[in-house]
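Letters A, B, C, D and E name the chains as they come in the text, with residue numbers starting at 1 for each one.
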Amino acid sequence: QKGETVRIAFMDPLSGPFANVGQNQLKSWQFAAERLSGAKNPAGVKFEVVGFDNKGSPQESLNTLKAAADQGFRYITQGNGSGAGLAILDAVSKYNERNPGKELIYLNYAAVDPAMTNEKCDYWHFRLDADTTMKMEALTSFMKDQPKVTKVYVIGQNYSHGQQVAKYFKEGIARKRPDVKIVGEDLHPIGQVKDFSPYVAKIKQSGADAIVTGNWGQDLTLLVKALNDAGLKVPMYTYYAGVTGTPTALAAGGDSEVYVVAYGHANHTGELGAMGADFFKKFSDDYYTYATYNGINLLGAAMAKAKSTEPAKVAKAMEGLAVKSFAGEVTMRASDHQLQQSMFITKWQKAKKGEYSVEKTGYTFVPIKEMAPYISSTPTSCQMKRPA
Amino acid sequence: MLKIENLHAFYGKSHVLHGVHFNVGQGEIVALLGRNGSGRSTTAKAIMGMVDCTGVVDWKGKHTLGMKPYEIAHLGLGYVPENRDIFPKLTVHQNLMLGQKSAKGGGRWSFDDMYEMFPRLKERQHTEAGVLSGGEQQMLTLCRTLMGDPELIIIDEPTEGLAPKIVELVGEYLKKLKEKGISVLLIEQKLTIAMSISDRALVMGHGSIVFEGTPDTLRADAYIRKEWLEV
Amino acid sequence: MNASASPMTPSAYYGFKPLNIGRWVVWSLFALVLVAAPLVFTSSLSQTMLTQMGIAIIVCLSYNMLLGQGGMLSFGHAVYSGLGSFLSIHALNLVVKGQWPIPVSLIPVIGGLAGMLFAILFGYVTTKKAATPFAMITLGIGELVFAMSLMFPEFFGGEGGVSSNRVAGPKPFGITFGPQIQLYYLIAIYTFICTGLMFAFTRTPLGRMLNAVRDNPERVEFVGYDTRKVRYIAFIIAAFFAGISGGLAALNFEIVTSEVVSGYRSGAYLLFTFLGGATFFFGPIIGGILMVLAFVLLSEITKAWLLYLGLVFLFMLMYAPGGIASLIMMNLRVAAFGRLKELWVSYLALAVTAFIVLIGAASMIEMVYHLKLNPALGPQLKFIGISLNAHGLDSWFGCIFVMLTGIGLFEVARRQFARQWGEIQEFIEKEMKRRESL
Amino acid sequence: MSNPYALELKDLRKSFGKTEIIRGASLAVNAGERIAVIGPNGAGKSTLFNLISGRFAPTSGEVLLNGNRIDGLKPFEINRMGLSRSFQITNIFPKLSVFENLRCGVLWSLGYKYTFLKFLADLDDANERAEALMHMIKLDRKRDVLAMNLTYAEQRALEIGITIAGGATVILLDEPTAGMSKSETRRFIELIKEVTVGKTLLTVEHDMGVVFGLADKIAVVVYGEVIAYDTPEAVRANQRVQEAYLGSHVAEAQAAGGGH
Amino acid sequence: MEFFTISLLNGISYGLLLFMLSSGLTLIFSMMGVLNFAHASFYMIGAFFAYTITQLVGFWPALLLAPLAVGLIGAAFEKYCLRRVHKFGHVAELLITFGLSFIILEVVQLIWGTSSVDYRVPAELSGPLFTLFGTQFPAYRGFMMLVALLMLVAIWLLLTRTRIGLVIQAALTHPETVEALGHNVPRVFMMVFGGGAALAGLAGVIGGNAFVTEPGMAGAVGPVIFVVVVVGGMGSLAGAFLASILIGVVQTFAVGIDSSFLGAAAMAGWQITPETFGYALWKLKVSQVAPILPFLLLVLMLIFRPKGLLGTREG
């Protein structure tokens, strides 16, 4: 397979309100592919990533999937939104069933609905990010050791992700710190709240000393701003403070204590650090989708192992495959195709010299704790159906 | 004061006025008669710059053709449209206010003059004009134009839908306007009133003037009456 | 009772009903196109697009029942197609589980009934009002349903939506609906029948009264009809067809997510129905086709597709507010008077010059987008076969030059055309007057 | 059953806000009579029609149609009971053709209701009736012209056509000849006479020529009351009517010159 | 008490903010009858202009210049586009503003990129205005409330002290007649539309840094400002004001209410279990639906009082 070109179809919003994220991630994939092509990967193949605009819509994703399949793409990658992710997962599964010999592989780099590796798991789907439960394992493990945390307020967007965050947090913390009280829980419609001050008043009244939220985008920044405005200094534990645009908005809102749980952070050194710096030089934008690095590496290793770029063989090779990543070794768990990897808790603060200034804000996310893969590993209910 | 020469008017491609000539002097009431569809309303609109036309419209030595309606109105021409174009959602008083060309007022006529002329309007001054009776609306359009203090007023069928008694009253009023030196171009259907108050009568047929003379000559001219006014 | 007793009644007038040949031809052609389309466009993407066009045609036509025929501007039509989709997919899941013994091909009817059911429910309040209040209530209900759809994963399936498998239940003649082409023909049949039914609706007493309600609701009350009931029934019928299209969409995608009830969807129905032409029955058919082309094809060709879409709407509204259908009808009228032939040179000139303008303008737009989105890929880009250098003055000058020349030539062509067109219209008016007075 | 009146108003009152516009109007019309309603501008003639036809609900009082109470009912309910009206300001379906306008007027009375299971083209009775109407109001030539493209007089004729289309037995016409020339008016009056044979007719008019030519009886409305209700001759002689409405010579001239 | 006071304050300030966002829309809608779908887009360009101008010359000039620029764009749009479709009716007018909102969104993304920009509250106005029960009330929020009130007064003066409103309303039914009475109707339309756009722009200058300035901001506020205008009553400024405050207060207090139908049912003696039909609906808390209450209010209002709170007409 040496010298072969492997084309990957990237499908995420490239136009419309979420284009910023999609564009950045497409560049990240292309950047990683270029950098890890040829001799840089054990299979010696050349990777090429082509963007398809799915507009964030599950139905449109199915169209782009058809378009990609028509054009001979055999590898699909997507990440923005579990809605589109589940649609692709399902469609890829059906496609492979109905078109034997022309199988597709779906590399999921950021859709984190646990269902995708549990009840709805599929042989052709591989997740590079960590799902909601894993992040919550890491987060609760971290919070367990924070004596300051005694009363927690949970707030989230009222849709599956927000509901899952609330649910898993309550389970996890009850297991690890039964003394921590949940003093309040709010679910608000997604994207509908313009003014968070009523919620802040509620949080203040509850006497909470920590906030846990799965909010992202505007729902997160407005919440942080409202807390700042009211002068309420309560640490926030979040999932998505690092997403494009959010750091800028956070910085504009002033100092606040925000923690993020993720499988990577802005201040990696070594290969990934260099990549981030080069990426910034080239695109004047942050490289934060580190899963692209793992993804290409994993594909390369699997192709080398399978001695083929044929998806059916590569998928088989990827099961249980371990590769070196930017933070230790990662393993693609065979039972549910969930990548097992280290998790980080990072804190939002003013960047010191030598630290990476996120979105040129002068702030950064510094890692304050790294957790080995086993800590965040969660059991799966997946009953993988493997092709005969 | 107003001189019209060789006026041609068009609605899109259809040619409606075919070279109209006439003039209106100071303090004169001129009746413009004719059958339905003969082009009288179009003449009025042409003078006000509301339809495409060619020819000469000369108002006090100024060519007004090609000007915008509001510019023409500011030169002192007033127009009372035919189908009671009152503003239905505004009150009677607000309708009158819009007749004034500047918010300060200061014309020859005040609100009170108007209310005195038609007491009925005073009673209804805070009602939405849209619910007024047909006749009340007709009164309102007339007063609204007067509020703009015109020197020449073009009235298109002012007595339409008015009770006989009120028709008489309108006639009286037009005469009073004349006394104040205001010229009137009166477009009418009802011969009786038009003949009784006007100084001169014009008869229009198929888009041009077919008769010009005093009411008396018109009364005498059976042919014109038969050919151009009746069936 | 008196009126018909008039001695002059031409009672024989309707005794003879000629076979309407034109209509037969049109409908046969429509059927033929539906049958032949997938044989011409064979790639799997074009087949999915054709499938979606069928779906879009039904929903746009049903939307136009409200907008074009009833004067009801709805901002929430996706609620009915969307809820139809959801109930269909749930029904399909029951079929998959073997709990419901109905054939898959009838699932869309369930969607239709679901749409109807919700229209009976919501329509009761929305159709109380007309005009702007109607529009606003539909907006409000649309927002509410959409917000709810995210809040209740139990029914709406959360972010991932509800998925299913259409290969289920009995398989008559080996038709599984697994291959896209089989599904296409199912949808084509539905499209044909629904279009036929909706056209038939416009020829019924209720359909006509709906037009009357659009034109002058007050007067309708004085000829014995309850305007609200007319609106209500029409609303329910429209929702039925919307639901059918939703059901077909559920079969096609085999997944239904909350986006199907979103305001974006409703907005898209509105825009494309209008673009196709709301004043003619067949306008929304064009609209539906354009909708799929824009969303699936245009967006792949260029990242600036939303900008183009916005511009197209703006110009369309300003210069041809009747939509594409009205342009077609205007030309048909000219053709009916036998004068279309003279226009082809002008049309060719217009098309060529407009194309030049378009190339110039589009190249510049593409360069701007390229600079913005792909600065790292260097200033070079390829656009419809032309290499452009987004940093090079020559590229910019070239584009501006092409565009300005195009505009100049276009204006010349347009003037010529306008003159000719005006003259022909004048001729037609005269001709019509003449025929009238015969 | 015992009520002989086609239309009866009993002490009808209507206020808008604080102003009372109709102040106890009473009127009884026998079936088959032609009544002209006259009165000064703003007396409440149109309002009276609005109350009868259900456009407004009266504040108090009763309206009986063939002995049945209809006050407070909706316009379409009243229409279904056999009362139809025209409007002072033309009120037709502008984007439908002449034929369609008339057919809309016919449909309910022939019992087609809200059906969408029959084709219009197959409703022979409705189509024949619409054709006949079109012929009667002399618009055959404009069959497929959109109503908004008709001339004013044609629109007025269509207005009447729609009004009589449903075969109502009681017909209210509000200034049917407004805006027409003498000759057109005359033609129109003939038309009205022709199409309302055997029906009860109430019409508002300011043209005394028309009034005296058309009406069997005249009702004079002043300040929301019916102050006189009698034969034309008696009304013309009535001193109060002279003062309130007719004025001096204009009325005479009009009445005399009405025929020209 | 503490919670009540703070919530009331929050509610009123949020209400004023809604009014600030919707005042321009009210102006255009009540006068011209145009449902301006691009209103939120004007709000957005206001914010982006302010961001750029602030970087060049500071916040205070931006407060003046950005609305002016937006107003000019609005006026130009009226003159070259909206005016042409006026004769085709309200649906066409609405759709053309719809089209405009697409274009504005794309252009904004082209100029300022697709992600949020760092537009901050000026130093003079950051920090708390006062502290109540240990909760700070931000100075900038006070500033916003003040501007909202100023807008109210300005529009009110415009409506009552000038005849612009009358001219426009009259021109909606009989434009030619109004012109014949001596009023320059096209110019008045242009000014009003431009004025409405400028108000939106001003709201953008002030709202942009209070919230987040990003291309998605238009979509986020779009629907709710329609609610304000409709609930308040078409054609009524006072109504819009009242509706803003009402929605602000209701929504704020609703966030504080954590009860659901479950509680009510329990009181009525019904047993609702997760197996009960529609359990998800039963367990919904008032606080969870708070942000969508405006839409519920809109639907209810239109059903029971279609004129809106203080409206004078239905359509």
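As a working rule, contacts are C-beta pairs under 8 Å (C-beta built on N, C-alpha and C of every residue); 3 or more make two chains touch, one makes a residue touch a chain.
Please read all numbers here as calculations on a predicted model, not as lab measurements.
K.L.:
Would you pick out the chains that touch subunit A and also touch subunit E?
P.N.:
Chains in contact with subunit A as well as subunit E: C.
K.L.:
Which chain is most remote from subunit C in terms of Cα centres?
P.N.:
B
K.L.:
Counting C-beta pairs in contact, does B-E beat C-D or the other way around?
P.N.:
It is C-D, judged by the count of C-beta pairs in contact.
K.L.:
Please compute the C-alpha centroid of subunit A, do the same for subunit B, then give the distance between them in whole Å.
P.N.:
77
K.L.:
So how far apart, in whole Å, are subunit C and subunit E when each is placed at the average of its C-alpha atoms?
P.N.:
Computed value for the inter-centroid distance: 31 Å.
K.L.:
Just how far, in Å, is the C-alpha centre of subunit C from the one of subunit A?
P.N.:
Chain centres of subunit A and subunit C, defined by C-alpha means, are spaced 38 Å apart.
K.L.:
Using CA atom averages as chain centres, what separation in Å is found between subunit B and subunit D?
P.N.:
Computed from C-alpha means, the inter-chain centre distance equals 30 Å.
K.L.:
Got the subunit D residues that touch at least 2 other chains?
P.N.:
none
K.L.:
List, in ascending order, every residue of subunit C touching at least 2 other chains.
P.N.:
Where subunit C meets two or more other chains at a single residue, that happens at 147, 151, 306.
K.L.:
Using the touch rule from the top of the page, what pairs of chains touch, sorted by label?
P.N.:
By the stated definition, chains touch in these pairs: A-C, A-E, B-C, B-D, B-E, C-D, C-E.
K.L.:
Within their complex, state which residues of subunit C touch subunit B.
P.N.:
On the subunit C side, the touching residues are 422, 425-426, 429.
K.L.:
Mind listing the subunit E positions that touch subunit C in their complex?
P.N.:
35, 81, 84-85, 88, 90-92, 94-96, 98-103, 105-107, 109-110, 113, 223, 226-227, 230, 234, 279-281, 284, 288, 292, 295-296, 298-299, 302-303, 306, 314-315
K.L.:
Per the contact definition, I'd like the list of subunit A residues that touch subunit C in the complex.
P.N.:
14-16, 23, 27, 52-53, 55, 57-60, 62-64, 66-67, 69-70, 81-83, 85-87, 90-91, 94, 98, 113, 115-116, 120, 158-161, 163, 187, 189-190, 192, 282-284
K.L.:
What part of subunit E is in contact with subunit B in the complex they form?
P.N.:
Checking each residue of subunit E against subunit B gives 162-163, 166-167, 169-170, 172-174, 176-185, 312-313.
K.L.:
Any idea which subunit D residues touch subunit B in the complex?
P.N.:
On the subunit D side, the touching residues are 16, 19, 38-47, 88-89, 151-153, 175, 178-184, 206, 208, 244-248, 250-251, 253-254, 257, 260.
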